[in-house]
Amino acid sequence: MPILENLWIIPLLPLLGSAINGLFGAKWSKAVVNSVALGSTGVSFLCAVEAVREFLAGGSQPFRKEFFDWIVAGSFRAGFDLQLDQLTVVMLLVVTGVGFLIHIYSTGYMAHEGGYYRFFSYLNLFMFFMLILVLAANYVLLFVGWEGVGLCSYLLIGFYFLKKSAADAGKKAFIVNRIGDFGFMLGMFLLFRSFGSLDFQTVFAKAATWQPEAMGQFGTITVACILLFVGATGKSAQLPLYVWLPDAMEGPTPVSALIHAATMVTAGVYVVARSHILFSHAPTAMYIVAIVGCATAFFAATIGLVQSDIKKVLAYSTVSQLGYMFLACGVGAFSAGIFHLMTHAFFKALLFLSAGSVIHAMGGEQDMWNMGGLSKKIKATYWCMLFGTIAIAGFPPFAAFFSKDSILFAAYNSEKGGKVLYGVGLLAAVLTSFYMFRLIWLTFYGENRYDEHRVHVHESPGSMTGPLMILAFLSLTGGWFALPALFGGKDYFAEFLSPVFGAAEAGGGEAAQSLEHILSIVAVVAATAGLLVAWRMYSKKVTRGTSEGVHKLLYNKYYVDELYAAVVVRPLVWLSSNVLWKVVDAGMIDGAVNGAADGAAAVGDAVRHAQSGNTRSYAVWVVVGAIVVIGIVFWPILHPALFGGVR
Amino acid sequence: MVPTNYYLILSAILFGLGVLAFVFKRNIITLFMAIELMLNAVNLAFVAFSQALGKPDGEVFVLFVIVVAAAEAAVGLGIIILTARNRRSLNVEHVNLLKL
Amino acid sequence: MISGALVIFFVLAALAVLGAVSLILQSHPIHSALSLILVMVSLAGLYLLMGAEFIAAVQIIVYGGAVMVLFIFVIMLLNAGVEERTNISKLATFAGVPLALALGGIIAAAIVRSSGHLPPPAANGAMSSTRQLSMLLFSEFVYPFELTSFLILVAILGAIVLAQREN
Amino acid sequence: MSEILAKYGFLIVPIVKVAILVFVVLTLDAYLTWLERKVIAHIQARWGPHRVGPHGLLQPLADGIKFILKEDPMPTGVDKKAYFFAPFLTLMLALTSLAVIPFGPDITIFGYTTNFGIADVNISLLVLFAITALGVYGIALAGWGSNSKYSLLGGLRSSAQMISYELALTLSVVGVLLIAGDLSLKHIVEKQAGDFGLLSWNIVGLTKGGGGFTQIIGCICFFIAAIAETNRVPFDLPEAESELVAGFHTEYASMKFAMFFIGEYTSMIAVSSLFTILFFGGWLSPFPATWTLTYYLPSIILVPLGLWVIFDGIRYETIFGRLILPGLGAVFAVLGVALFLFPTVNEVIQGPFWFFSKVGSVLFFYIWMRATLPRFRYDQLMDFGWKFLLPVSIANVVLTSAMIMWRMK
């Protein structure tokens, strides 16, 4: 059966799984819920693979099909259109594959949790929306997926909704995303306004014909791109809207792995890459993207240095890695960005899941200061974690080495302020390797800082370690697409994506072969430096350091949350409670409503006396009416204006 | 041979008397009779016209009017019986709850 | 010259008007009902005079034989007494009668005014034999006819529902 | 003579006919009461009236005198208009209903042809029904007017009963109308004329030229409904002695009571005539027209009857009887002989003879039933009328029309 022709099957399956679990799962045993959830995702993964096979077999021609009309209003059409090209292929495989692995992992991790069926229903629903987002062939449908994953993220962050912090985190994520979405919608409106359509094909085709705007010029495309990017910052946790992601760690760890590391948060990157034509026509927007990405990468890394919660560390690491991706897109190395997106999906999912395994082993403990010396007890987890760390730190031949390397290379080659970007990125890389190895040492080395009798550490079941190993393998080999590039060969990944990005891609150029070697060596050195510093500081240190000065500042995340609370939240609360509620709502709106009611009552009081309830009076009125009508009909002289009676 | 006008005027007079009865009488049953009287006046006009125009359509209408009158009488008298039971009076002026 | 038909017409018309007036003047519902029956019978006579025998017969059978019997039956059932001449409705008390008369007058005037457009009366009787009537009823007016049957059905149900006592 | 008739016939003939009819019918009523009492008495193995006149033949006369001379008390608190109007209305309607009944084929006297009845309306059946429909008022008003609970209950009962059975009555006739395709009683009778005499009557339904269907169901329904219409046993609840004294005419005496009485018997006659006309071929002879011998049936009956009466009268115990009865018998005999001698007269007599003999047998059946059957309970009466009689007559209509359609094919 040609999957490519009915692409809708791929997103539909998770939806069905979600519906079935959500409706009937409450009654069913875990085994049944598992089979439904895993079955739906697994089959949809297989379908995706099959679809990709057909796609490649078909000479990898971009596939696009309009399945049915969804909204049609005048010239505007938003249909349920799905498309499949190289970019989609990457995203599709990442989403379904990693998603499937994380589903398997979850069966083990969530085994002892309540609301089992609910969790998997949400998870499947997320898969559905994510796939819609990835496969969508127009901005509107993409936005559906966009909002849908937001919803699922909200639901899953607040999964333990009895915990206030969890519920608040969920709300925070949702609201912050709203701000981004607002920008995104404005961007869509502007695009429709200027291109008369929101269909990728048409928009890009028309945009391609436009004259690229000059640097520093804020033309239509630029503004649209910036607005889209605002949405991206919200979804992908970039400055200044990153604040929700760390709090999102309140959710179950698999959720953090799937949604807040591997897939959803990369949606922003995907959108930017998808609309690369627009961006390449708007250098200003590109520059802003690059700067924001770079800044975020560094900024988040610095916060990550001092966090004591193992998941928080990973969260900030995620933010900074996303920063790298945006940096890549900003400097025009879209394929590099997507490349890093993929590798990041592998190793960050690996790290999160390992962390989850650790937490599982520690019986829910998340503070690294209460761990230590776990390397003996939970070997499998330890090795997986180590793989992930090496990978993210960027040691060859692990995945991130290649992806991050190509990003930094592109940044170095970018014409405007490339050196600065490169420098900051490199610094961020050092910090990355530092905090990651800090995590390793605090968690797995030194003597244990926890109560043996209370916590009894145990290795996780196979259902958890299995996916870990697969991901470990992937994060080792995931980068080897670009391996030949080092030795003068060509970057197969960029090659694969080139039909999509084509001209927009800012290639390093062959001349820079030697330069690339130098840069990669520098990167490895930087990573090693971070490793050494971490070793120096934490291999012996056993007590939680008193925090003052810079450390305090970082530990409190630059007081950004407090700042927002003071600048945005409190004024808003004051406004809504004192003005909008007391004045507008209670005063004007209620006043209008009650006023209308009172007016009606008054009129009724006035005229109700005509309603004597006495049939005879009514009869008399009827007689009067009859007289008037007959008079009008037969003696129009009474009313010259009216029709001329019977002739 | 009687001119059609005579019939029409007679029906007008009867109709007027029906209206008069309706506004003048107080007994619900009598009011219904007044309505019947008006209907009869209308029937007379119908028949007169149909005779004048030489077409039996008017008489068909009369049949319909009679049917409607019968149905109306059946339901109306049912209502009257209920009213009499509940209000203990047939005086239409005492049945005046239909007001604020 | 005054033809026999004209004489009969005037007699019957006088009877009808008399009945209508006495319907108003009688104080007891039964007597009003009897006067109404008088009106109906004389109208039936007028129909005969116009040659509409079928209508005349139906008029007496349905109106006289069924509807008015129903009225009298109800009057007996409720044992309705002499009506009390209350004057709660000021409007009806003062304006009612003149307005009603005015309506009757205006209708009559309208008829007189516009009767010039009427064609001269057709040949008496023959035109509306019962057969023609039934042909028309079952060919051209068949849908209204069926609808009236539904109307009657509904009326029956309504009457039953209304008249049945609770419990 | 004939030219006078030709000139003023339209005025004279009806007056004469009305006079004759009224006289005949009133006499008939009177002797119907006599017959009723006699028959019931004999059924109950009694003598019945036999003091006033031979075999009590003058009893009706005596009753009449009694009615006229009797004091007429008026109960207190009656509604005068209704109280007085009711009996008049009853009698008037009963007599009027006879006006449209054809007792025989058209006849020609002195070259002036007229119908053998008073009025010849082409919707006589409807007129008859219209008059019967109005018959309710007499009883209802009497019941309501005479300010007595018995009367009121009787009036209510009878009006309800009459309304209920009128439907069945009317519907049971529809079958006949479908066959005859006409509303005129005369035409209905003529339609039943055929070569096989009684076989082509509606009761059998072998109508000449086909298109007929046996109306036995309609006949039965009509007969039952007719009994109910005339408040006869077993449907005489309005005047159920055991419950309501005498029902609606409890408070009536002397002439007014007589009017009710005569009205009731007259309507009996009218209904029987209608029954005869609709189902038993009216004035038609039951024998095929070719059997000329049957033309002399009247005389063949009258002469022996007369002889027997004479023979019986001679040895009657009272002198009076010995004088009267033979005279009566002689009249009969002579009449019979006269009919035998003057075929023209005989021709004229044929129709009325058959008509009245049929009506007479129906009336006898009435009386017979009264002597035999018990009375219904009221709810039984209503149930029977609405739940049995009405559906059956409707079914008859459907059946008949279906048959006629089928025959047309």
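Order of writing sets the chain letters: A, B, C and D. Residues in each chain are counted from 1.
Rule of thumb we're sticking to: a contact is a pair of C-beta atoms (placed from the backbone, for glycine too) under 8 Å apart; a residue touches a chain by one contact, two chains touch by 3 or more.
Quick caveat: nothing in here was measured; it's all calculated off a predicted structure.
Student: Suppose you hop from chain A to any chain it touches, then on again the same way; how many hops at least until you reach chain D?
Tutor: Minimal hop count between chain A and chain D: 2.
Student: Can you figure out the chain closest to the middle, judged by Cα centres?
Tutor: The most central chain here turns out to be B.
Student: Name the chain pair with more contacting C-beta pairs, choosing from B-C and A-B.
Tutor: Per the contact counts, B-C leads.
Student: Between chain B and chain C, tell me the centre distance in angstrom, where each centre is the average of that chain's C-alpha atoms.
Tutor: Their C-alpha centroids are separated by 6 Å.
Student: Starting from the mean Cα coordinates of chain A and chain B, work out the distance between those two points in Å.
Tutor: 78
Student: Please tell me the distance, in whole Å, between the geometric centres of chain B and chain D computed from their C-alpha atoms.
Tutor: Their C-alpha centroids are separated by 37 Å.
Student: Averaging over Cα atoms per chain, report the distance between chain C and chain D in Å.
Tutor: Comparing mean C-alpha positions, chain D is 32 Å from chain C.
Student: Would you please write down the residue numbers of chain D that are in contact with two or more other chains?
Tutor: Residues: none.
Student: At least two other chains touched by the same residue of chain A: list those residues.
Tutor: 612, 614, 616, 619-620, 623
Student: Hunt down the residues of chain B that sit against at least two other chains at once, touch-wise.
Tutor: Within chain B, the residues that touch at least two other chains are 19, 22-23, 26, 93, 96.
Student: Sort out for me which residues of chain D touch chain C in the complex.
Tutor: Against chain C, chain D makes touches at 79, 81-82, 85, 121-123, 126-127, 129-134, 136-137, 140-141, 143-144, 152, 155-156, 159-160, 163, 166, 183.
Student: Going by the contact rule set out above, which residues of chain C touch chain A in the complex?
Tutor: Going by the criterion above, the answer is residues 88-89, 91-92, 95-96, 99-100, 102-103, 106-107, 109-110, 113-114, 117.
Student: So in the complex, which bits of chain C are touching chain D?
Tutor: 28, 30-31, 34, 37, 41, 44, 53-54, 56-58, 60-61, 64-66, 69-70, 72-73, 76-77, 130
Student: What does chain A use to touch chain B in their complex?
Tutor: Those residues of chain A that touch chain B are 604, 608, 611-616, 619-620, 623.
Student: State the interface residues of chain C toward chain B in the complex, per the touch definition above.
Tutor: Those residues of chain C that touch chain B are 3, 5-6, 9, 13, 16-17, 20-21, 23-24, 29, 32-33, 36, 39-40, 43, 46-47, 49-52, 54-55, 58-59, 62-63, 66-67, 70-71, 74-75, 77-78, 80, 83-86, 88-89, 92, 96-97, 99-101, 103-105, 107-108, 111-112, 115, 118-124, 127-128, 132-133, 136-137, 140-141, 144, 148, 151-152, 154-156, 158-163.
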